[in-house]
Structures are given as structure tokens and as C-alpha cells.
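In the part that follows, the structures are each spelled out as C-alpha cells.
Each of the next two complexes has subunit A plus one other chain: subunit B in the first, subunit C in the second.
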Partner chain A sequence: MTFHEMNPTVKFVTVTCLMFGLAFMFNPWTPLAVFIGTLVLQSLFANVSWKRWGLFMIPFLLTAIGTLWTTLVFGKASSGEVVFVLFGNNVTEENVMLAVTLALRVLAFTALSLLFTLTTDPKRFVYSLMQQGKLSPKIAYSVFVGFRFFPILKHEMMQLYETHALRGVRLETRLDHVRHVPKLLIPLLAGSIRQAERIAFSMEARAFTGDKRTTYEVVPVTRSDMLLASLLLLLFGVSVWIGIR
Partner chain B sequence: MLKSWKLKEIVLLSILSVVFAVVYLAFVHVGNLWAGLIGPIAYEWIFGIWFIVSIIAAYIIRKPGAAFLSEVLAATIEMMIGNAIGPRIILVGIIQGLGAEAAFAVTGYKRYDLWVLMLAGFGAAVTSFAYTYVMGGLAALSPTYVATMFALRATSGMLIAGLGGKILSDLLLRTGALEGYALARQGRAHG
Partner chain C sequence: MVEAEQLTFRYPGKPTDVLTDVTFTLRDGRTLITGASGSGKSTLFAMMNRLYPDNCDGIVTGKLRLFDRSYETYGPGEVNRRVGTVFQDPDSQFVMQTVEEELIFTLENFQVDREAMMGRIEAMLQTLHLSKYRHRRIHDLSGGEKQQIAVACALVGRPEWLLLDEPLAHLDPETAARFVRWLDVAARTVNVVVIDHRPSLWGSFFDRQIELQTGCIINDRPFTPRPDYEFEPIQMPRTDDLLFHIPKINRETFELAASDLTVAAGEVVAILGRNGSGKSTWLKSLARNHRDVGLVPQSPAHLFITGEVTRELAYGHDRPIDELLTRLGLETLRDAHPLSLSHGQKRRLAIGVMMLSGKRLIAFDEPTAGQDESSLRALHQLMAERAREGQAVLFVTHDLSFARTANTYYLMRDGKLSGPYDTSLWDDADLLQAHGLLTEGTG
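The block that comes next holds the complex of A and B.
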């Protein structure tokens, strides 16, 4: 029983429910408990490289810090004892609690998101959305096309760089490349649109109609999915309880 | 809803979504760098960028659902190519897409003038701001600050997504790649 094997749609719905629930909690303990609990569940039921996890976490740590001090400086005026003054704003105890809550919420959201992202195979997710979520095959397969298109896009972009360099655009340093990106957008889009037309033709030529289809890869819902979902919901319940206590 | 769609229109939708998913991701990083320094308001003035695929797709394809689906697909592909915002981003895509779609629905999917496109950018700003308000706990901030955030996001939605989306699509039209899509056909009909 691991989060890797868990049905992606069930996982998606559960994780989203938890995040929505968190949005209505205004004490610092609930998001903190969810954050720690998610890490515990992740270490018990998933095999995730913590180094990767840490790298993904860095930008959100920055966001959390930004949230913390924005809420302190631009916090809503509230009655109560002023703890300290920050850039001319009277910071009360209530303001501090809220700021810490919101910063911890960012971290809890990220931990939950990473639990999903780092344990979910995108292809299986789309299959599962089609099988359990009743997603139209027309859309599901165009998501696959889009996903597969990514390397083509990269290739086209390299080609455009080379063409532009041939025509005498100076592209020596990395910075030159970055600065040139806006000029690539239109030719890149125009090329992609033409590609899209060809892809659609070849899908139709292979008798893709977009009607309901049978699939080779079946993504089932099992008892262990329900168990893992219950564990996550239990974690939320306990965290809410810790918060109000 | 998809009955009236041709396959090539759906594939175009998803290709547009991929291109803009990459652009969106790049700007998430730009926003993140700022956000550590000046807080969540860092995202507001560039927020329109994240609505632009809705406007472009609806303006080119001109069918019900284009604005909504393109935004959701872009969000899904963003998640697939690796984004730590993870599943939440799909939710964000759904909410932004609905806001933009509303503007086209109100005009009966018949008008695609600049003001309608700007209204769509505004609509996406409204729904996405409601989401930020709840999820980001903006109730904790002073009302003036929240109002500033919203004003920035709405302006950005109208200018970057609405006006910018139209300019970009019209430039694309000139390349001739859009022959066979509603934008090129309607352009000819009007002379």
C-alpha cells in the first residue's frame, strides 16, 4: 500500500478537499499539524527522494516568508495589545497569529501538493480521469498530444535560434538567448498551429473518433485507495481538533 | 459541448495550451523570486499573463468552451511537466477559465471585439481573485491593500490578457497559419 499505487483521481480529490478545508482554518496549529502529518504519511507510505522534495520546497519557502511579512506590515487593523510596530503598522498579537497561520498554510499546501506530484504518473492520472472521472476521450487524448508535443516544441525552438543566428542575430551568451525569446513567440506559435493541424489529420486517419473507447491500461479503485484516503482525512480531522483545543 | 468541435480545433486547443503552459511556468518562477521580497502582491501586476490562453483560444476558435478548456488544459499540462503547485493548479485553471468563459457566454459567443476580450480578462481576474481571497486568507489584510491587489490584477487581466491576447492572435493571423479556423473565416467575411 503506497501513494504511488493509489488511484490518482481518488488521491486528487482527497488532497484537494484537504486544501480547501485548510483555507477555513485560522489558527497556526492546524496547518502545522497537517504539514508534519503529511511528511509522516509520506515517509511511511511513499518512496520519495527527500533531496528532490527539498528543492521543490525552496521557492515556496520564499513565498511563505513573503506572506509572513506582508501580513504583518499590511495586516488588518485589529484591537488588542500592540506587540511591536513594523513600518508604521501597529502589530497586535492577533496579527502575528494570522501571519504565522498564513505562512504555515503555504507550507502545508505545498507539502500536500508534493505528496501528489511526486507520487503520481501523469499518464496514469489522465487514464484514471477518463475511467473514473468520466473525462471525454477527445480531451484526454488531446492532453496526451499536448504532453508529447513538449519535446517537439523544444526542438522547434532550437531550430528557430539557429535560423535566427544564421540571419545574423547575435546569440552568444545565455542572456542573449533569454532576451531573444519574445521574438521567437510568433514563429513558434505559427509553426505549432500548423503542426496541430497535421496531428489532427493523422489522428483521424488512424480512425480516432473521440467516442468512448476501451483501454489497455485499467486504473482500478481498490480498498487500499480508500484506506489511504481515510488516513489523509483522519489527519485533517486530528489537525482541526488540535487547532480548536 | 464538444459535439460541435472538430478534432483539429481540439488539438489546436491543446497545442496552444502547451505553449502557454511553458510561458506560465516561466512566469511562476519570475513571480516567486519577487514574492519572497515584496509578498504575494508580486504576482498581481503580471497576473494577466496567466489568463491569456483563454482569450487567444476563444478569439481564434470561437466556440463555447474554448476559453474554459484551454485554461484547464494549460493548467493540467503545467502540472504534468512538473510544477510543485501540483493538483491545486488544475483547480486554479478551472476557476480562471470559468471567469473568462463567462464574458463570452454573456455576449452569446457572437462578439469577439476588443471590449469583449478585455471583459474576459476582467472576468478571469474576478474569479481568480475570489479564489486567492479564500485560499490565501486575504481577509487578514487591510481592505485598502486587498483593493490595491484586486485593482492591479483586474488591470493586468484586461491589458495583458485582453489587449495582449488580441494583438498576439492578430499577428498570428498575418502569418497565414490560422486559415481554416473561425478567426480567419470571420475576418474574410467582414471584408
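The block that comes next holds the complex of A and C.
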């Protein structure tokens, strides 16, 4: 029973519910408990490289610290005991609570999102959305084509850069490359539209119409999916209880 | 399978018909449909698997019956259960990542039972001798392997007919010959229709051949193997030599040895070798390291930076462009968007760009892929003109007929360039064989 094996749609719905619920909690303890609880569940039921997790966490950690800082410095003046003075702004206990709440909420959201993204195979997610989420195969297979398209598009872009450099366009630094992007958009788009049309033809030529087909890759909903979902919901319940106690 | 009677077809918003009065009946066997670009063969092809007229809102008159039913009575994807299709471009006909997933995709569309799928895939791959590719990523396969997989995907649905649209256009001669031999066995149980404007590559594969010209059938007869187009070497007096050094390149999976190239103005050089032997890498390196070299990529459209023909020609210098516009036959298209030109016009514009930027060697990367005879003749003309005006011309190709236009040859194998050779190269069978340039029927 791991989060990797968990049905992606069930996982997605559960995680989304938790995030939605978190948005209504205005105390620092609930997000803190969710954050810690998510990490505990992740270490128990998932095999995630903590190094990768840490790297993904960095930008969000900075966001959290930024949120904390700005809320403290620019917080609304409120009545109450002044705890300390920061850049001439009187910081009350209420201000501190609000700042910590917001910062922890960012962290809790991130931990939940990472739990989902780091344990979910995108292909299996799309299959599952088709089977449990009643997603139309037309949309689902467009996503699959998209997966394949990405390296092709990248290759095309490198080729354009290369030939344009040969024509004397200055493309030495990274900034030069970024500045040149608008010039690449039209040829890239023209190429992509042609490719997309060809793939669409090829799909129809192999009898893909978007309705009635059989499925090889079955993504089931099992008891352990329900168990993991319940665990997550239980975690949220406990966290709420800790918060409003 | 197909009966057409006075069939015409017109694309929406176009003044003329692409197909004008086509009448024929396709019977069992192997049929080749030939014709120049714009003769309507691709349109006819797309009507045979019913991608047209639905997907382009084309206007059809006359009768077209597929399997004894009028084409209008079929729903989308319906006739495709009986007709398998392989397209020209190996890179844009797959949906999934691996070979097995791609085959599963087809079987799912055909509503094959889940339990039966693996058995059918295994049997199919075994019959076609493709079992070793089963778990490979399609992206990593070569062009020839991709075309084989495309055939497997078409055949796994057990069609009655197999349609192929210029399946050899992107393959080198050795790979193409191997593909044709393989297909000869693979397609024993189905009827085959192939669209190709170069019948010579197919040996004696077909029973019948239909030739189209500007939307009409001008020929319908039993197939006779035909030699390929012939080209005369371009002979020009040579003047001052240019020396180019191409440094060594090391990649993870590939190594390009350092090489030197001496080219005289007026010389026409062909670089030959198998797909993946390093020709294109070598060519790019040549262009990157020498400002004198102007590279015309395989799709000339990649060169264009601006949105207008005149601005494109004037880019990066202040020399006059009007005389050149007339000489290239582009004066009526001054304000057109470079990407809206035809392939031949794009190539002329690309050459114009190279001429104005004062390049002394014009290098073409695979200029012949997918080109019909008249387009090849036009290219030959252009190259001869460049050579006459004192520029050196170089091209990389695996088109052995077109390669005859050159007067100097270099061969590429596993990243090593050898040469120069003169036209006596064509008599050295061992040398040609070693570089994948000799196939049965040619050479």
C-alpha cells in the first residue's frame, strides 16, 4: 500500500479536498499539523527521494518566508499588546499569528501538492482520469500526443536557433536566446499545426474516433486507495481539531 | 475495393479542382499510384481512407465507392478498420511512447478484447520479425525502423488493404531497399496501394501502376520496373581553391573525426553516406566554423527570420536586392510571408539570402527528400547556375540519382570523411557497398 500505487484520481480528489478545506482554517496549528502529518504519511507510504523533495521545496519555502516577512512589516495596525517593533511598525500578537498562519499555509499546500506530483505517473493519471473521471478519450489522447510532441518541438527550436545563428543573428548569451523567442514563435507554430494535423489524420486512419474503445491499461480503485484517502482525511480532521481546540 | 467514376475534388476556397474526372477501379493486388507534386495523388490517397472530404470540407462530385458502399455512408474511422495506413513522415504518425503502447492504442480503437491484445501483438511482431522492438521507445528508433513499426500498427488491425504514402521518402537507399524486401513478405496477406513518385526504388514490387497528371489518370497499366531519373554532372571550369577545416566532435554516442575539405569555385561536391553516419553533423560543423559557408537546411523555411520576402533578402546588409528578386522569379511575391511560399520558392529565396550575404560555398542539407522530378530538375538548374557564377556548391544526400549532378564526391562512414573521389566512384562497387550506397537494381 503506497501512494505510488494509489489510484491517481482518488489521490487527486482527496488532496484537492484537503487543500480546499485548509483555505477555511485561520489558525497556525491546523496547517502546521497538516504539514507535519503529510510528511509522516509520505515517509511511511511513499518512496520519495528527499533530495528531490527538498529541491522542489526551496522556491515555496522562500515564498513562505516572504509571506511571513511582508505580513509582519506591512501588517495592519491592530490593537493589542505590542510584542516587538519591526522597521517602525508595531507588531502585535495578532499580527504574528496571522503571519505565521499564512506562511504555514503555503508550506502545507506545497507538501500536499508534492505528495501528489512526486508519487504520480502522468500517464497513469490520464488513464485513471479516463476511467474514473469520465474524461473524454479525445482530450486524454491529445495529452498523450502532447507528451510526445514536447521533445519534437524542442528539437525544432534548437534547429531554428542554430540556423538563425548561422545567418548572423547574435545568439551568444542566454538573454540573446530569450530575446529571440518572438521571432521563433511563428515558424514553430506553423510547424506544430502541420504536425498536429498529420497526427490527427494518423489517429483517425487507425480508427480512433473518440468513442467506443476497449481499454488495456486498467487503473483500478482498490481498498487500499480508500484506506490511504481515509488516512489523509483523518489527518485533516485531527489537524482541524488541534487548531480549534 | 475502390471504384471511382468521374470523381472530382476541390479544396474549399480554391478556384480549381485538384482531381478532375478520375475514373478507375482498384482490384486486389499491389498498385502503385505515381504523379508529380500537385497531380492530386495525395488527395486521392486521403479519399481512399476517407480522411477527405470530411476533414477539409472539400467539394466532391462524381461517384466514389469504397467496399461497394458510397463514401458518404461511412462514419469517421469506420472504413479505417478495413484499410490500414502508413504515412510519409516517420515522426508524426505515432501517439504513444513505446512500440507496444502504440500497438495497444490501435487494438483499443478496434475494440479488441483486453485478454486477446497481448497475444495478437506478440504474433504480429513475430511474423514481421520486429519482436526486439517491442519495448523500445519510438523516439529512439531510426526512420526505417519507425516506418516498419507504422506498418505493424496498420497490420495489427487486420485490414484488407494497406495504403502507404511515400514511405521511402526519408530513408537512405540501403534502408529503403531493405524496407521494400521486408514489406514484400510482411504484406503477403493484404492488398497494397502505394503512392510514390519514384517507382525505381520499389523493384518489381507491384502488379499495376496508375499515373496521375494534374488531376487526371493518364496511364493505367501493368507495372514495369523503371530506371530512376538521370542527371548529368555539372561541369564548370574551376578557379581558386577554398580550404575548410572541420574539427573533431565528440558526443556521448558518436564521434566525428576531424577533416579537411578543399573546394574550388565552380565545383559541385556531394557528400554521401548512410542515414546516421554523421553527414548532417559534419555539415553543421562546416557552416558553424566558416563564415564563407551558407547552409540551406532541409526545410529552407528554418532560415527565415522576418515576415516579408524583401525584408528577408535585405536582412543584415545594405546591398540592393531588386535585381536579384527578378532573377529568382520572386518579384511578384515581394510582400508575401516567406513561410507562405511553395517549397521551390522557399529554396530560391534561401539561395538568394546566401548570395546576398556573400557566401562562397552554398551547402544544402538533404535537398532532395520528398521532391518530385520537376523539382529536382529545378534544383539541378539552380546548382548549375551557382557554379557558373563562381560559387562552390556542396550537398549532402542519400539520393543516388541526384548525386550524379556532382563532379566531386566525399563519403562519410561512422563519422569519418573520405575523399575526394571523382565520377569513377560509381564503378567501384566495393567502396559503394561499404558506405551503404549500393542496392540491388541500382548502381
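Just so it is clear, the second predicted complex is superposed on the first by the 227 of 245 C-alpha atoms of A that agree within 3 Å, B and C clash if a C-alpha of one lies under 4 Å from a C-alpha of the other, contacts with A are read in each partner's own complex, and residues count from 1 in each chain.
Just so it is clear, a residue touches a chain if its C-beta (ideal position, glycine included) is under 8 Å from a C-beta of that chain, and two chains touch if they have at least 3 such contacts.
Model, not experiment: these values are computed from the prediction.
Figure out whether A:215 sits in contact with subunit B (first) or subunit C (second), or with both, or with neither.
second
So in the superposed three-chain picture, is A:224 touching just subunit B, just subunit C, both, or none of them (first/second/both/neither)?
Touch status of A:224: no partner.
Would you check which partner chain A:98 touches, where first means subunit B only, second means subunit C only, and both and neither mean what they say?
The answer is first: A:98 touches subunit B but not subunit C.
Who does A:147 touch here: subunit B (first), subunit C (second), both, or neither?
It touches subunit B and subunit C both.
For A:192, is the partner it touches subunit B (first), subunit C (second), both, or none of the two (neither)?
A:192 sits against subunit B, while subunit C stays out of touch.
Give one of first, second, both or neither to describe whether A:160 is in contact with subunit B, with subunit C, with both, or with none.
second
If you stack the two complexes on chain A, which partner ends up touching A:136: first (subunit B), second (subunit C), both, or neither?
The answer is first: A:136 touches subunit B but not subunit C.
Hey, is it subunit B or subunit C that touches more of subunit A?
Partner touching more subunit A residues in the overlay: B.
Looking at the overlay, does A:74 come into contact with subunit B only (first), subunit C only (second), both, or neither?
A:74 contacts subunit B only, not subunit C.
Both subunit B and subunit C touch subunit A; at which residues?
145, 147, 186-187, 190, 195, 199-201, 203-204, 208
For subunit A, which residues count as touching subunit B in their complex?
12, 15-16, 19, 23, 26, 56-57, 59-60, 62-63, 65-67, 69-71, 73-77, 95, 98-99, 101-102, 105, 109-110, 112-114, 116-117, 122, 125-126, 136, 138-139, 142-143, 145-147, 149-150, 153, 185-197, 199-201, 203-204, 208, 210
Quick check on the complex: what are the subunit C residues that touch subunit A?
Per the stated touch rule, the residues are 46, 49, 51, 55, 75-78, 80-81, 83-85, 87, 89, 91-97, 104-114, 117, 138-139, 153-154, 157, 284, 287-288, 294-295, 297, 301-305, 307, 315-316, 339, 353, 357.
Show which residues of subunit A lie in contact with subunit C when the two form their complex.
Counting only subunit A, the residues touching subunit C are 123, 141, 144-145, 147-148, 151-152, 159-160, 162-169, 183, 186-187, 190, 195, 198-209, 212-218.
What does subunit B use to touch subunit A in their complex?
For this pair, the touching residues of subunit B are 2, 5-8, 10-19, 21-22, 29, 32-33, 35-42, 69, 73, 76-77, 79-88, 90-91, 134-137, 139-143, 145, 168, 171-172, 175-178, 180.
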